[in-house]
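Input: structures, listed below.
Look at the two complexes coming up: chain A is in both, with chain B in one and chain C in the other.
Moving on, here comes the complex of A and B:
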């Protein structure tokens, strides 16, 4: 089959000069999907608008009440409240961390914005948790609901959040309500997942024991299933909170609300790096505090002996003490005024100067690095070696002779692999080298569709192949082949970087407990950060451009390879390690020949996660000026063009789903071979 | 109790397998007497766990009848079933099935709570049950803080809390270490002497089966292939499959004095040094005295007095049988 594919690619390439439509998809063939979607929306929106208006009024009132309550509490009382929560959740270390972190928020002068962000989160989380829980229970008890839910969840997790901001924008107009609703929609998914997982994990013997104890169905649910699934459900609340938080920050992009995300975005646009660092750090601190507290509460309590009376007393202390302090402070304005002096003591303009000078001092090496990466790694993938290699960049011209040598080398490598029995490797080399020669921009789209479909076919079968074929045809047909190529090349580079660097870090962490202990909090912190944050350092050093986007993507997507590689190597069975030592492998041989092959399925899963992370970061990275699918979403957002936005969003989702399915199929293939 | 369908088993089996299902149980019919320990014994996959679940309707049989006294359980409504489980049945599970978020005492009281018993009464019964299984002082322990044996004691206490007539035990000791298992079996026999429940006991361990059972049903591939007292199964296995099981058990441990005794002859005088032996004692226990020269034992049964006579020659015969059987394999 691959022979046919290769022949087809060769024909496509050979025909390129004669038939230019092979490379740039002709605009007359475009599918009118965006306009159809727009007309559907044009029809639906007037119908839905009154309902939405009512909904918006209700939510707005709730939001105002919530933020008024949070603003009414003087900040010392609020910090006290969170510190007590932290203490209850995890002990005094977390209380201290919370107090210091929130103290920083005050000192950086972002308390008010921070509270606005939190009020959005506090409103969204209970709604999302409640709804997600109900949906999870429904999906658990009915196979029909389950099927639908799984599809919706899949879409929710792969369509970039920006894309579904657009229809909401059309329905609700600009403002925080859109953010709130987007946040709700986005945060429901982890709750549903965790609820279903928790309910599924209740051991069957417990269910039987419950029935034999004479439980009715309802009693069984409330007294047995729910308490047993409690841990997963609490984890779901934690993840939902984090998703809501991250989405609130993202929703700031449409503005209209004085929250931290808006501050970050604004200062980035004005190139005020001091401010953006400070406010970015505020987001990071808030994210970590919220995460640690909700995570701590999801852990099983250490002592179980407290009675309900004690619990009541505890609740009274948690709520009463901060309220008491709040009343005291509100009663004496002079004390409060004295305390308020702490607000905003950190001077952002000073920081601005420091950062700008720092960047200037290092501008020469930074620029050199930028140029090097751009010419040697990014351009060849984008426009191919044919276009990227010029005397100016690589020191020699891409002449006919060079081309011949390149083709000869890759051909002979492929043939050599073929003769060693690795015909897949051979085909891969040929396709890869063609891709490198022509770049994603010069690769003919029919060839692209065929390659993806054939790959899907060979790892899984007809069903996946049809998904892959139709999906890529849809993207190409919507006229997004150009941006798709851009996305793929950015993602590919980012994933390669992540797998390489992250893989090395993961191996190191698996080999050294101490290194692992250092790396773990860093990974935890990276994972709790909203995606936005990663733009700040990248932007600071490399200005607007694709390299910045690449770095931001790589920063965001580096955690999964570290985690999975470490986990994969650490979970190699001890007897295998012992056997290989007994046989006389050196540590290096053991790693290459035993541990990595055994850990391969886990590592592939990690690669899959990396790809997913990179794809989800694309629209965010579009903010700093990439030209990919994410940028299309972003353009659609600024034009409030629901059709384009949804099509572009769906395209990202399709890419994500296809690559996810292919990777998973690969894992199950190798897993099957291992057994 | 009978689970039966009008269709011939072989045809049914073919039909089910064609539709992607399989026949778990067929042609299973037996009755359990009040106060009896009825052991169902079979290898894994033989359908014994499914069988006990059909009795309690944790699994719904597609055909058949399960009679408890005058009531067909399979026609009971959901509500009646819940009521029966609250009052008449108790079950012990192989994997204990303790609720991880409740302590030992709360676990024991759980069925009572579900039945809506007031707290004071619940506590009283719960404490009684805890002390019945010898776990005093561990009432507040969480399941994960208890050893396997202790966890199963909690499971036993819980199953007995509602004072059920019917007691199902599904491989209750299979997850335990051999030494603990032995201990728990003794404990179980002690409880049964005290409580006199009607018991269906599932096991895959032939030694356990012979040790505990009043009667044994041996299962294979969803069917019962022999039902009988331990001695009957030992002495007259229906086929080589059953015989291969019993090889592992020493006859003298299983055959009780009562099962091989003869009627006391009218002219029997007894002479000096008559040994009175309970009918339930395995003849193994008589070996030392028999070898030391005692010629005959008088067999007694509680409440009936002297019921029979066992001569040492008979003991020797059983022993010889056992050895021949073993030698032959």
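Moving on, here comes the complex of A and C:
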């Protein structure tokens, strides 16, 4: 089959000069998808608007009440309250961590905004948990519901939030409610997944026993299934909270509310690195505090005694104490004013000066690095070797002879691989070298569709192939082949860099406990802090352009390979390691011949997560001027064209889903199982 | 509340007795529903919005500030969920605004009086490589083009342009004037500011599109290019310093007649705004303090507007 594919590609390339539509999709063939979506919205929105308006009013009132309550508590009382919660959940270490973390929020001067963020999350999480739980139960009990739910969840997690912003704005009007709903929609998914997992893991024997004991359906659900699945459900609540925190910044872009997300955006707008780092850390700190507390509560209680009246009383006193302190502080404004002096004592502008000084001193080497990467890695992938190799960049021109030598080399490599029995490798070399020759911008789209479909077919079969074929046709048909090429080339480079660097870091972390301990908080911070923050120094060092976008994507997407490679190598069975040592392997031989092959399924899963992370960064990279699918979402936003925005968002989701399915199928072919 | 109402009723009465014009008093209209003022992404607009809000409050209205993106806000104004946007720059409006305006869902109520600039600027170090600046013909000099070229734009020079989603006439204007430069969209305001600051710090040449008043211009030395001539009526192909306008929801006049008059007379000067922007963004002053300072300084101006609105 691959022979046919190769022949097709060859024909496409040969016909390129004669038929220019092979490279640039003709605008007269565009599918009218955006206008169809728009007319559907035009019909739906007037119907849904009254319901949504009522919902918005209720949510708004709840949000106002929530933030008023949090604002009423003076910050010392609030810190006391959280510290006590931490103490109840995990002991004094967590109490100390909580107090220090929240103390930082005060000293950074973002207490008020922090509490608004917290109220947004406090409101979003119970709703998301409620919906998620119900959906999870429904999906568990019916195959039909399950199928639909899984597709919807995939879409919710991969379509960039900006894409469904316009319909949300039309339905709910302006204000924090739109942001709240975006948070909620995004945070539902982990809850559903965890609920389903928990319900599936209930052992059948237990259900049997319950039926024999004469339970009714309802009794069985409440007294047998739920307590057994409790652990997963609690993990789900924890994950939902984290997801809600990670959406706070998007909520700020959408809704706008006096919260930390808005502060991060403002400092991003002013290109103030210090302030943005400071406010970004506030989100990370809040997320970590809530994460540790909810995680602590989700752990099975070690020595929790029965809740007797006396225990309840003690609890009431402990939780009542902060309230009492709050009353005292509110009654005496002078004490509060004295305490308020601690607010905003950290001044981050020094950091801004450091960045500027760095640019001043190192602009020449930074420029040299940028030019080197652009000429040798980015341009060849984008416009192909044909366009990128000029005397100005590489020192020689891309003449006919060079072209012949290049083609001859790749052909002979492919033939050699073929004779060694690795025909997949041979086909891969041919397609890869063609891509490199022409670049993503010059690769004919029919060839692209065929390659993706054939790949899906060969790893999994007709079902995946039809998804891949239809999906790519949809993207091309919507006229997004150009931005798609841009996105793919940025993501591909980012993923390669991340897998290489992150893989090395992961191996190092697996070999050294100390290095692992240093790396962990760095990874945590890279993932919980709003990604916007890294854009500012990257911009100052490398200017607006694709290299800056690439760096931003790579910084975020480097975390999964580190984590998965470390985990994979660490979980290689000890007896295997011991055997290899006994037969006299050196450390490198052991790594290459024993540990990496055994860890392969986990590493591939890590690669999959890296691709997802890179794709999710596309809208962020668009803020530094890339021309990818993320930029299309913004352009649609500026035109308030709901259809166009959704189509661009769906395209990102389709790329994510197709690559995810192909990766999963590859792993299950090689015998591993993905979870 | 009642006291204030009586006071406001007596004002036009007293004025009427004094000069006795044949004017009919403008009713306040619906003072129970708050007037929703749009808050956009930049400090200058936030200041204008809060000045408008404070003055409306002095008339006796309730106001509410609602954060809304520059472009999505027009959807809100058209549907009435936002009432007024006091500082709108018509240079980058996207497609929603003209559509909503043609449908009569929102109304332009004159200029804000801000003296603005919009065009291409360059850093001081650009002048050493393109000595004929500030005239636009300097950009046709091959040495200048070469100095401003980057790997991405080669062989053309690079013009850092407004983000793609703002819409920009730089491309057509470069083409019409046959200047060998390629516009590179910046992606966001932060990106524009960061590049400008970095270029000044590293003493590198930079040509970019920008606007004034903006706080960063008080920090870094820049010069404005004398733009090539173009057809000023064709906004899609010509960059002109836009008259900043005020936009209200079409039902504003009906619902809050006196407020409508006040919004019509509101004027803010660029110098005042730039000073306030600097105070807020760089000196860490509170937005309210800055606005109160303006209210204090311009007593006679706004009192005249308030009076006119009530008559």
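Of note:
Everything that follows uses one rule, which is that the second predicted complex is superposed on the first by the 625 of 675 C-alpha atoms of A that agree within 3 Å, B and C clash if a C-alpha of one lies under 4 Å from a C-alpha of the other, contacts with A are read in each partner's own complex, and residues count from 1 in each chain.
Methods note: a residue touches a chain if its C-beta (ideal position, glycine included) is under 8 Å from a C-beta of that chain, and two chains touch if they have at least 3 such contacts.
These numbers were taken from a predicted model, which means no experiment stands behind them.
In the superposed model, A:230 makes contact with chain B only, not with chain C. In the superposition on chain A, contact is made by A:371 with chain C only, not with chain B.
Of the two partner chains, chain B is the only one touched by A:208; chain C is not. Of the two partner chains, neither chain B nor chain C is touched by A:103.
In the overlay built on the shared chain, the residue A:216 is in contact with chain B alone; chain C does not reach it.
In the superposed model, A:631 makes contact with chain C only, not with chain B. Set against each other, chain B and chain C touch different numbers of residues in chain A, with C touching more.
When the two structures are aligned on the shared chain, A:639 is found in touch with chain C, with no touch to chain B.
Of all residues in chain A, only 203, 205-206, 208-216, 219, 223-224, 227-228, 230, 304-305 touch chain B in the complex they form.
Against chain A, in their complex, chain C makes its touches with residues 39, 41-42, 66-69, 71-76, 79, 81-82, 94-96, 150-152, 154, 160, 163-167, 184-191, 193-195, 197-198, 201-204, 215, 281. Taken in their complex, chain A has these residues touching chain C: 165-166, 169-170, 173-175, 253, 255-257, 262, 265, 268-271, 356-357, 359-360, 363, 370-371, 374-375, 379, 392-393, 535-536, 539-541, 543-546, 622-627, 631, 634-635, 637-641. Contacts from chain B toward chain A in the complex involve residues 53, 56, 58, 82-83, 85-87, 89-91, 93-103, 110-111, 113-115, 140, 142, 155, 158-159, 162, 168.
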